[in-house]
Structure formats: C-alpha cells, structure tokens
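You will see two complexes here that share chain A, one where it goes with chain B and one where it goes with chain C.
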Partner chain A sequence: MKKYDTPLIDELEKGPWPSFVTEMKKAGKNNEMANDAVGHLEKCYQTKVGYWKHGGIVGVLGYGGGVIGRYSELGDEFPGVAHCHTVRINQTSGFFYTSSALREICDIWDKYGSGLTNMHGSTGDLVLLGTKTDALETIFAEYSSRGWDLGSSGSALRTPNCCVGPGRCEWTNYDTLDLNYALTQEFQDEIHRPMFSYKFKIKMSGCACDCVASIARADMSIIGTWKGHIEINQDEVKNYAKNGMDIKAEIVDMCPTQCISYEGEEFKINNAECSRCMHCITRMTKALKPAGERGATICIGSKAPIVVGSLLSWVIVPFIKVEPPYTELKDLIRKIWEWWDDNAKPRERIGEVIEMKGMRSFLEGIGQSPIPQQIKEPRKDPFMFYTEDDMAAFKAKEAEEKKTGKYKF
Partner chain B sequence: MAELQDKIFAFCEAAKGKKKLKEKDILIGVSAELSLEKDDVKKALREMINVGRLMYSYGGGASSVEIPSEEYLREKGMIP
Partner chain C sequence: MALPQRKTDIGPPHYKQFLPPVIQKNYGKWKYHEVLSHGVMVHVGESGDKLWTVRVASPRLLSTATIREHCDVAEKFCGGFFRYTTRNNVEFLVSDEKQLEPLKKDLTARGFKMGGIGAAITNVVHTQGWVHCHSACTDASGLVKSMMDELMEYFESKTLPNKVRLAVACCVNMCGAVHCSDIAVVAVHTKVPHVKHELFKNMCELPTVIGSCPTRAISPDPANKSVKINAEKCMYCGNCFTVCPPISIKDPERDGVAILVGGKINSLRSNPKFSKLVIPYISNEPPRWPKAVAAIKHIVEVYAANARKHERVGEWIERIGWERFFSLTGIDFTFQCIDDFTFMRDTMRTSSTFKW
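== the complex of A and B ==
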C-alpha cells in the first residue's frame, strides 16, 4: 500500500482532542480506500482545491435516496477514491444500538467500503463514507437482509430523527422514540422516493431543551410541552440556596418571561406567563417538575442558509396530544406537504415558501385556525382573516345598527 | 398499465436534456395529458422505477427522474 507524506493534515492530530486524521490513518493501514482518502486530503490541503464531484446517477434500484454519489477528479492519482460514495443507513430511534448491531454494521462496511463512518451525521442517519458504485447493490442486500434499511437523501422526507426521550430522560413529554418509529414506518415512500421540491426534515424533541436542535434544523419540529403548572418543592428550593445556588441570578433573572419571583422565602411561578422553556426545571431538577397534560408544540420552517438566509421554526400548533396511532399528526403532515407541493418552486424549503406566501396563506392551506401563539413577534403578523362572507356580514350588521340607531363610529 | 407507462416514458424522453423532471412534474403533466388521476400515474411510475425503466438522479441537493443510461442498466445487471 502506498505511503503518503502528510505534513499538513498531521497538524490536525496535534493537541488533546480526538482527530479524524488519526482515525483515517488507522483505517488506512488495512484499507486501500481509506489510505487513498488520506493522500487525497493532503493533496486538497496543499492545493486548496476540493476535487470532489457531488451527486449524479448513483443509487440502489428502486430507491431515490440513501446513497450520495461522490467522485474524485484525481481518480488516476488516488484510485481508491475515484468513486467514494456515501451510504446512509436509517438510524435507530434515539441512537440506541447493541454492541453486536454496531459490530455487524462495521463488519459489512469493512468488507465493501472504506471502513470510515460518521456516527451520526447531522441529518441523523448512520453515515458510511466511501464505497464504489459496483458494491452498492451488494451492500444494500447485506444490510437489508439483516433488518437495516437505507436512510434518505435528496428531495425526500429525510430520515426522521428524535432525542433519547423516555429511553433515558425524565423530562420528555411524549414518547419520542415511538413517534419517530411510527412516522418512519408510515412515510416509507416519502423517505425512499424523492417526490418533493426539496428536502423535508422532521425532528422530535421530548422537551424544550431540544437535544436534537429541531427548532433550528428541522422543517417540522415536534417539541414536547405540557399544559399544567410547574410543581414546586419549596424545601428543595431552600436546599439549592443553602448549597450555594444564587437563585436570583441563575433562575429568576434568566427566566425569559420574568414569571418567577424569589425573595429568599417562597419560590413563586406565574404559570400563566411561563413559556415552558425548561430553564428553571433543568437547573433545579429536585425542586421543580412539570405537571398536568403532556403533549407537543409543532413548529414549522427552520433551515440553514441556501436559497435564502437561515430560519428558525415558527409555532403553528401550540399544543397537540401525541399518542398512538398519531392520526391527527400524520394528517397534519400530509396537509403541510400538499400545500408545500402546490406552492414551492424547485429547491424551496417550506420555511421559504411560508416567508414568500405568508403564514396566512399557509394556515388557510392546512386548515389551521389563527391563534395568538402563532404570532412570531409582538406587533407583527396579526393574521387578520377577513373573507368575503365576513365582510358581507359586517356590512349587514353595520347597516342594521345604523337603522336602529345603535351604530357608533 | 403498459400503455400508461409508455406515455410516462415518452414524457420523460421529451424532457431529456431540456429539463430535470421532478416526480411531481410527471404526475401533473401525464395526468393532465391523459385525464387520469395522479395516483394512477404515481403507481405506474413507481413500477417503472422498481424495474429500472426510469430512475432517480440527484444533483445540488435535489432529486429528479430520468431515463437510465445503458451504463447504469449494465451496472445493475439489467442488460448484458
């Protein structure tokens, strides 16, 4: 195997942190592809050119997503990475694996690919980096025969993703793992057969801590919340104070809606003003906990900057019960896709279409009533829905009042 | 079904080299041309993709439907 001299990328191995270069070199000792990837990377650093071609016609028969074609312009110099396609495997809900499952994935990948992985990609999938075109069908056959499936790529519903939820977290307000599985099963066609204008991501977080960053990285964010008050254990609050917590600075002053008061005696929360951000609960875990009905808030439209700038998700349904078989949620998702499909130009994410067409048009399209919680900023977006019937009724009422002398301007 | 699939194929052939067709373009175009339900066109299209008569391609983050090249079909073992 050819040994590459790599002074530039060696710099990335220095310091106390783990280094992807070290891992690539390790894999390169036994794998030609990984070895050539090391040489290729050094060349990219030397010349400051990427040399990668992205996309094209590469994939598994019948599937439109799950394989991302990558070719190098330097195939003659680095034959191991002339084809270096990425394969996405549908991850488990909450990223729970047994060690034997991980071993199985890696053994197959060592056999047909570079051995390099990305656990996990930012999209959520388990990402396998670098294989050749002629190995794709075999890789797919081996993984699927063991119960694994490809993830998603392109203009499709990207593999749904969720936080660990009830698997490990006491704060979750709904079963993120079950919902993630249910949506993945329900929308198999949308995941594997790209039918949209562009990508659509659904991420599920059990609470507003939002461990999967759904508010910033998902076209549809399903974030757990509750309807009741926050239960307070005053003795535990006192214990936190006794143990050195500055409750005023760390909790009261950091409450975004300023709904907490504490004067050294009683810890009070004005629940009507609470936005359920989870800050106080995560800082005083023994003293505070949510109570009452559990469910989720649905937000729409976040994305990274490609066509227009980055967007954060926008509340469209402040509270929805999230319970099997999730019919209401699935219907809502289908209505959202339908409106998006009717209105989007190629490569337009749903958040961009809402920005252009307006939230009013979107809400009308999906049949949601306008409510105060949907207002994004104070004194903006009042969503006045006056239909022709409304205007006619208003005029009739006005005429009637004028007739009876009750009319006041 | 075979007749519908031929129409879909002809629709894709006409767009070849001119426009990258999204699945939606085919559903709208063919269903309007033949006065059919989009779901029927979708079923026929799905069959064609399953057997490699049409295929998905990918570029710039977006996907489209294309007629596969001979090289692709050979690679998938569909022609000798």
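== the complex of A and C ==
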C-alpha cells in the first residue's frame, strides 16, 4: 500500500480536540480506500481546492436513493478513491445503539467499504463514507438481511429524524421515538424511491427546545407542545432560591410574556398569558413541568439559503394530538405532498412553493382554516385576493347585520 | 460464498431493542435532570431510578476502529448501551452509580474528551468539506478541529452565559443548521464562475442552467452553444455549477470563509433566529485557518464578557443593538453586511433611535 507524505494534514493531529485525520489514518492502516483518501485530502490542503465530482446514478436494485455517487477527478493518482460512494443507513430513532449492533455494522463496512463513517450525517442517517459501485449490492444484502435498511437521498422523503424524547427527556410532549419509527415505516416507498420535486425532510422535537433543529432544517417540523398549565412545586422553587438562584432576575424578568410573579412566598404563573417558551421550565426543571393536554405544533417549509434565501418553518397547525396510529398526522402529510406535487416546479422545496403560490392556496389545499396562531402579524399592504366566495360571505354578513341591526365584524 | 437474502423496505430496526433496561422501565416517565459537571448529567425517573449520561466529543468522521472502542467502553460500563447525539457527541449511559467514576477514568485514560453539557460550547455541526463533498470550497473538518482546539476550555467547563452553538458549512448549500447558529462559518466563492463552452452542450441542459440562477445572471450564448454569465448580477452561489459541471466556480486564491452570528433554533425566551453576516471574507488558510479561528474565539470572548446570564449570542446582540456589537467586537462594518439580496427592506433601519 502506498504511503503518503502528509505534512499539512498532520498538523491536524495536534491539539486536544479529537482528530478526524487520526481517524482517517486509523482506517487507512489496512484499507486501500481510506489510505488513498488520506493522500487525496493532503492534496486538497496543498492546492486549496476539492476534487470530488458530481454523483451520477448509482444505487441498489429497486431503490432510487440511499447511495450517493462520488468520484474523484484524481482517480489516476489515487485509484482507491476513484469511486468513493456514500451509503446511507437508516439510523435508529434517537441514535440509540447496542455495541453488538454497531460491531456488526462495522464488520460489514470493513469488509466492503472504506472503514470510514459519519456518526451521523446532518439529516440523521448513519453515513458510511466510501465504497465502490460493484460492492453496493453485496453491502445492501449484508445489511438488509441483518435488519438494516438504506436511508434516503435525492428528491425523496429524507430519512425522518427525532430528538431523544421519552427515552431520556422529561420535557417531551409526545413520543418522538415512536412517531419517528411509525412515519419511517409508513412512508418506505417515499423514502426509497424519489418521487417528489425535491427533497422533503421531517424532523420531530418533543418540545420548543427543538434539539433536532426542526424549525430550521425540516420541510415539516413537528414540535411538541401542550395546552394546559405549568405545574408548580413550591417547595422545589424555594430550594432553587435557597441554592442561590436569583429567581427574579433569572426567571421572572426573563419570561418573555411577563406572566410570572414571585414575591418570595408563592411562585405564580398566569397560564393564560404563557407562550410555552420553556425558559422557566428548563431553568427550574425540578419545580416546574407542563401539564394537561399534550400534542404538537406542525410547521412547514424551513430550509438552508440556497436558492432564494433561508426559511424558518411557518406554523400551519397550532395543535394536533400525536397518538398512535397517528392517522390524522399521516393524512395531513399526504395532503401536504399532494398540494406540493400539484404546484411545484422541479427542485422547488415546499417553503419556496408556498412563497410563490401564497399561504392561502396551501392552507386551502390541505384543508386548514386561517387562525391568528399562524402569523406574527397580519399583512401590511392592501393588495389582496378576494374570491367570489369571500365576497358572497362578506355581503351575506352585511345583509344579516341590516336585518338584526347589529354589526358583526 | 452466496450472499444472504436481501430484503427491501424494512426500515430501521425498532429502537426499543437498543434502549437500556433503565430507559425501558422509565420510558416517558422522567421527572427531572441535573447537570453534574461539564460532561455528566443525571436523569431521575418518577420511580426514583437514575440514569447518568457521560458525553464525549467525536470528530464526526469516525473509523470503525474508534466505533469499536466506543463499543468496548459501553460493554465494560454500560451493558453495551450508548448513543450518539445530533451534534456528533457520543453518550455513554450508566444506570449503576458505581460504574460512573470507573467509566470516567477509563475514558480519560483512552484520551476521550468529556464535556459539552450545559452553558458550554458543544460539538460543532458541520458538513463534509474536502473530505468528501463535490461542492466544498473549504474543509469543514479541518476548520472544526482548529476551532475546537482553541475553544477546548469552553467544552471542558469554563462557563458561558448560555450555550454557544457553532457550525461550519463548506459551501452556501449549508447541509446542517448552520444558518441558525450562534456563530457560523460559511465558505464562500467570491468570483464569477467560468464556463467551459466546449463541454456545455454535451453535459448541460440550457433551461435548467438558466433556471438555476436566483439572480437571473445567466443567459444563452448562441454563438458558443453555451451560456454567458452577467458579472453584475452573479452572487457566486454556485447553484449553476451544481446542475452543470462545465461551469467551474472553485478558485483556490479567492475562495474563503464568512462568519455569521446570532442565530438560534429553540424558542426559549425569544423566537428562533437566523445567523447574520458580520465578517464577509477571510482567506482559506489550511491547515489551521488561524484568522477564522481567532475571529470566532474573539466573538465568544466578547459575548462571555458582556452578555447576561442565560442570554444567547443573538439575544445579547438584540438587547445591545448591532451598532454596539460592532463597536464592542471591533469588527469592521463593510458593504457586505448591508443586505443587497431579496430581503433588504426588512433589514434597514427606519428610525433615528440608534446608538453611537
């Protein structure tokens, strides 16, 4: 095996933070691909440019996604990475593993791939970095026969992803792990066979802390919330104060809706005014917890800046119950896709299509009524659409008012 | 040897089989948690059961050898159970308090770094960079390694007003929540792409290429059976290059990184926010990117010295105002900080109530 001189990236083996270069070299010790990847990277560092080429179509039989084709422009110089495809394995809900499962994953990957991985990719998949085209079917047979399936890529439903939820978090408002599993199973076809205009990501967080960044990174963000009050344990509040928390400065004054009062005796929350921002709960986790009806807020449309700027997801359904078998949610997802399918051009994310066609078109498409929770503020311009039905409704109201002598706004 | 029978559309294995017994038992019935140190927290169930989590940094890019080492540790102290986090940390899950100290000792002996819990800097969300991505104009892993070597004290304990989420994207595609991070590095091109006309007609589709440009800078070039790019309109987003390989945008001398600050994704106290551009350009300086690293450390330090407890970077800046952010940090305010893209009107000031 050719040994590369790597003075530049060797610098990245120094210092306290764990080194990815060390990882590449570890894998490169007995793996030709990983070894060539080391030399390849050094070359990038020398010239300050990357050499990877566009994907092309590679994959396993019957699937349209899950493998990302990757080739190097420097295949002659570094034959080990001439093809170096990525295999995406559908991760477990919440990234929980047992050592025996991961050892099996590693064994197969060492046999047919580069021995390099990302635990995990940004979307969520367990990403295996670097294998050759002719190994793909074998890899898939080995993994799938052991219960592991491919994740997603391309214009498909991207592998759904969720926060740790009830597995290890007291704040979750629904079972994120279970919903993630249920949706992944329900939409296997949409995950493996790209059929959309572009990618569609679903991310699930159990509360407004949003540990999977769903509000910023998912076409559909399912964020847990509640409709009831915040339960208060007054003794624990006193304990926090005793242990040095400045409850006025840290909790009362920082509550964005100013709905908390604390006179040193009783900690009170005006629940009707609370916007469930989670600040007080996360700071006084022993004393406060959400109570009453639990569910989720559904938001739509977030994405990174390319092509026309970043979007954060918009609220479309302020509250929905999230309980198995999740029929209402699954129906809603199908309706969303149908509208998107009817209206999108190729490579248009749903948020962009909503911007083009208007939120009204979308909300009508999925059968949602307008409600103030969907907006920050009403529009500021007077250029709006009136349908014949809208006008008929306004006129009917006025006719009614004439009859009763009472205005209805 | 015959291959095993392949199966399709089975989805992932059911997560229940990977949950340690203490989680099975207390599933959905956690009462509260406490951060015990920069690398350890404990969750307490309604049953009184306890689950300790020890968080360890990973470079995200992991060899199978290191994953096996994670397995060894988990088998020795955690019944074989562990997990990864969305920010690429490893978390060892301990239900027997007696195992906690030996686990920590073992991790230290192996050179693993514990930290990232609480008001700290935890692992950096980032993209593939030169290691594996076709559109990268910097190396994300190298930048992250260089940054975190410098910021290690904030991973390992030094307390900040609140968490600081760092992110690196190696091109404006930004795979990862880079656009909503407290401090983000985004690699940028700074030059109009070059079109290899002779390859265009065989490899590209004219309408797709024209349609890919958000600023309509691309028009047909019939003489060359290709396209031309209007330099006044092009913002170097690289979208055309993604749909058409003969359009090349990479430029080793001009590619570099920009720094954005003040984003967040949670709704605690204030709503989620995008990160905003404060430093438009720093040259690519592999292998250590000293200037980019210094800029990030500087912003972290100015924030640490000036923000109130619990304030995130963006909340602190909103309270003091952007003009004060620039004066406190001493960062040059340049034309690039003034939006000239689609949403310019929302970002201009419309009152005289600013600060000097």
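Note that the second predicted complex is superposed on the first by the 379 of 409 C-alpha atoms of A that agree within 3 Å, B and C clash if a C-alpha of one lies under 4 Å from a C-alpha of the other, contacts with A are read in each partner's own complex, and residues count from 1 in each chain.
Everything that follows uses one rule, which is that contacts are C-beta pairs under 8 Å (C-beta built on N, C-alpha and C of every residue); 3 or more make two chains touch, one makes a residue touch a chain.
Predicted model only: the values in this text are computed from it and were never measured.
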Identify whether chain B and chain C fit side by side or clash on chain A in the overlaid structures.
-> fit
Angle chain B-chain A-chain C between C-alpha centres, in steps of 10 degrees?
-> 110
Once the shared chain is lined up, is A:N173 touching chain B (first), chain C (second), both, or neither of them?
-> neither
Please indicate which partner A:D341 is in contact with in the superposed arrangement: first for chain B, second for chain C, both, or neither.
-> first
With the two structures laid over each other on chain A, which partner does A:I306 touch: chain B (first), chain C (second), both, or neither?
-> both
Of the partners chain B and chain C, which touch A:S197 in the superposed model: first, second, both, neither?
-> first
What is the contact status of A:G62 with respect to chain B (first) and chain C (second): first, second, both, or neither?
-> both
Does chain B (first) or chain C (second) touch A:L12, or do both, or does neither?
-> second
Of chain C and chain B, partner touching more chain A residues | C
Touching A:A156 in the superposition: chain B (first), chain C (second), both, neither?
-> first
Chain B versus chain C - smallest C-alpha distance in the overlay, whole Å = 5
On chain A, positions contacted by chain B and by chain C | 54-55, 62-63, 137, 306, 346-347
In the complex, chain B touches chain A at residues 20, 22-24, 46, 49-50, 52, 55-63, 66, 68-69, 72, 75-76
Note which residues of chain A are touching chain B in the complex, please.
-> 54-59, 61-65, 68-69, 133-134, 137, 153-156, 193-199, 306, 341, 346-347
Complex contacts: residues of chain A adjacent to chain C | 8-9, 11-12, 14-24, 26-27, 34, 37, 41, 44-45, 47-50, 52-55, 62-63, 70, 84, 86, 90-103, 105-106, 109-110, 115-120, 122-124, 129-130, 137-138, 140-142, 144-149, 161, 163-164, 166-170, 172, 175, 177, 181, 184-185, 188-189, 192, 208-217, 249-250, 254-256, 277-279, 282-283, 285-286, 304-310, 312, 345-347
Within the complex, chain A is touched by chain C residues 3-15, 17-19, 23, 27-28, 30-34, 43, 51, 53, 57-68, 70-72, 74-75, 80-86, 88, 90, 93, 112-113, 125, 127-137, 139, 141-142, 144-146, 148-149, 152, 155, 169, 172-180, 208, 211-212, 214, 237, 239, 242, 245, 250-253, 255, 263, 265-270, 272, 274, 284, 286-288, 309-310, 341-343
